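Lettered A, B, C, D and E in written order, each chain numbered from 1.
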Amino acid sequence: MKIGIADTMFSRVDMFEIAKKAIEDSMQAIKIERYTVPGVKDLPLACKKLIEEHNCDICLALGMPGSEKIDKTCAHEASQGLISTQLITNKHILEVFVHLDEGNDNNGELNKKKLQEMTHNRVYDHTMNAIALLKSKTSLSPKAGQGIRQGHEDAGQL
Amino acid sequence: MKIGIADTMFSRVDMFEIAKKAIEDSMQAIKIERYTVPGVKDLPLACKKLIEEHNCDICLALGMPGSEKIDKTCAHEASQGLISTQLITNKHILEVFVHLDEGNDNNGELNKKKLQEMTHNRVYDHTMNAIALLKSKTSLSPKAGQGIRQGHEDAGQL
Amino acid sequence: MKIGIADTMFSRVDMFEIAKKAIEDSMQAIKIERYTVPGVKDLPLACKKLIEEHNCDICLALGMPGSEKIDKTCAHEASQGLISTQLITNKHILEVFVHLDEGNDNNGELNKKKLQEMTHNRVYDHTMNAIALLKSKTSLSPKAGQGIRQGHEDAGQL
Amino acid sequence: MKIGIADTMFSRVDMFEIAKKAIEDSMQAIKIERYTVPGVKDLPLACKKLIEEHNCDICLALGMPGSEKIDKTCAHEASQGLISTQLITNKHILEVFVHLDEGNDNNGELNKKKLQEMTHNRVYDHTMNAIALLKSKTSLSPKAGQGIRQGHEDAGQL
Amino acid sequence: MKIGIADTMFSRVDMFEIAKKAIEDSMQAIKIERYTVPGVKDLPLACKKLIEEHNCDICLALGMPGSEKIDKTCAHEASQGLISTQLITNKHILEVFVHLDEGNDNNGELNKKKLQEMTHNRVYDHTMNAIALLKSKTSLSPKAGQGIRQGHEDAGQL
């Protein structure tokens, strides 16, 4: 089994290392293939090439969009591209985006520690999700409908 | 006949069970194939695989997007992907999304009971729609133009 | 010649009957194929199947999106899907959407009579446009650049 | 060489005639193929058919979207479709859209003369651009980076 | 190795010359192929043709969208098209867009010098990124997660 990990120069956290650590922690025999691009809009093709040219069975698309309106638009375009890529390749690509302003405190200022923790948790959890999806289409079913969040506290089942 | 049901961990209600119950209540000889993914953006590929790899004749894409702006964008991207998937596979995928804030009371606070009822009704009704669409392209014609709503009270014909 | 007509349960007016009447009034030897789906997002595949599986030469996609923000998003997604469907099938699909709030009076309340008239006119006129497009690519050229509106009064040439 | 020109009934100016005049003025041996559709959302398929069924080497997509929010959305959908059509056909389609409210005076009222002049200039200039693109991929290079505008005064190089 | 460079007449800075200079400075044996189009919405097909008809291994899509709302929409459409083009051709296209209002001072007026510097830096840096991507999929990995910006000061690693 091989997981492709595409990451960016734009991100302010080394998200690749977190994903790599999660895979190691999983104790599974999983190979890693990495692809680094400038920003999130370059991730769709990076993932396509990881799948088509490097035989990855699933991908993680790691990115940290900025907090400006233009950054939100970039993230939206990247997301559409990542969905298209999945439909072309028939492989899952888990989008793991952490928006820079998700780490803001209520006063609107960046809380670096909060952002780092959130990033760590989201990347780690989604890497585990990727490993589960590699096993079967119902590996995640026991967790369905439970308001699971990655990087935030779970919302919980109603 | 086989109905594919894709659901998410993100949802705060077990939407799969509602769809399953509706299919059982229909007393039709219909098989169910399930696929669980983390969130709504993972539903398009899950449905594609249910159709292409698991021979489903129609799919239900069950999701419960959050109430933040970013969640609305995610839902929009997922919807676009679900339409693309239908055009690729030539099978209907009924999108059954319940937005978390649809269950809010007028004061903006979440009314859990209201959300649960709405979710139950929308999933149940759309499962019945899926079963009708499996029969013929005019099974639903007697109900056309009547302002039918799923999960809300019908708006009615003018 | 065969015109495909896709309509929805969501619509509050029986738009199919209006299109059918227009085709009859045209006194042309045109067959009709109908496909009814729950809502506008289901129209792209319905039209694709009318064209590919039922040999329609052109389609009318009839829908009445609601007035909430989410309804506008649904209509947008449906419109994108209808354009994609045309590019895949090489057949025209005339989108005939009447937004529920187009029938509102200045005080923001729904004027049912106004909405019914607008719906009738738009469906009727676009059915005639479809019949013209079936004949040749310049059938509508004498009307080009004249500010023609369907369902509203023509804006006129400057 | 053949230029396809797709125009609409919705437009309030006969944009086709302006493009035709520009081609005649160019004194080039260029044939014209016309396709008239109801509105801008019908232009992508019209252009695809002009290219695929009528052997056009390039297209002009002429349209005049209205000034309401819904019209802006329609124009956006048409633009996405025109880009998709180019990627499918490998032929350029120059989108020549004039928004009705571009002709407004500062008081927000339509200045018909201003709109007509703007429309004339934009259609005329883009027709010349199309003729240049037919020659070679660097025909327009001497004008690159100069803040050229079609229909407005050039912004100029910084 | 061949880099395709697509640029526009709309841009107010000669972005091509900056990219060309960067490639020369790199001292690599890289050929350049240029394609000039009117505006950013014409860039996706220009890049596709540079890749498919002129054998470019990677492309730079250089553009300077205006500051109006309609310009933002155009840029968004172009960006979507550039991602689609990458997924079709399996080659990277680095989008290098500088929005005219990025060069504004706090009072909202255009600072020409600031815009020129930003444009120079962004084009230059992304050209270097393109050259790195030509070498291998991990050439940029040492710079991953460091908050690298092109045209602005780097945001830095947290």
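Rule of thumb we're sticking to: a contact is a pair of C-beta atoms (placed from the backbone, for glycine too) under 8 Å apart; a residue touches a chain by one contact, two chains touch by 3 or more.
Keep in mind that this is a model prediction, so the values were computed, not measured.
Considering every other chain in turn, the ones in contact with both subunit A and subunit C prove to be B. Touching subunit B and subunit E at once are the following chains: A.
Each step here moves to a touching chain, and the least such steps from subunit A to subunit D number 2. Distance from the subunit C centre to the subunit D centre is 25 Å, each centre being the mean of its Cα atoms. Distance between subunit B and subunit D, defined via averaged C-alpha coordinates, is recorded as 41 Å.
The set of subunit C residues that touch two or more partner chains comprises 80, 84. Contact topology of the protein chains: cyclic, one closed ring where each chain has exactly two touching partners.
Annotation: chains form a contact ring; the order from subunit A, going to subunit E first, is A, E, D, C, B. By the touch criterion given at the top, residues 72, 76, 79-80, 82-84, 86-87, 90-92, 94-95, 99, 126, 129, 133, 137-141, 143-150, 155-158 of subunit C touch subunit D in their complex. The residues of subunit E lying in touch with subunit D in their complex are 7-17, 34-38, 41-42, 44-46, 48-50, 52, 54, 66, 70, 73-74, 77-78, 80-81, 84-85, 88, 112, 115-116.
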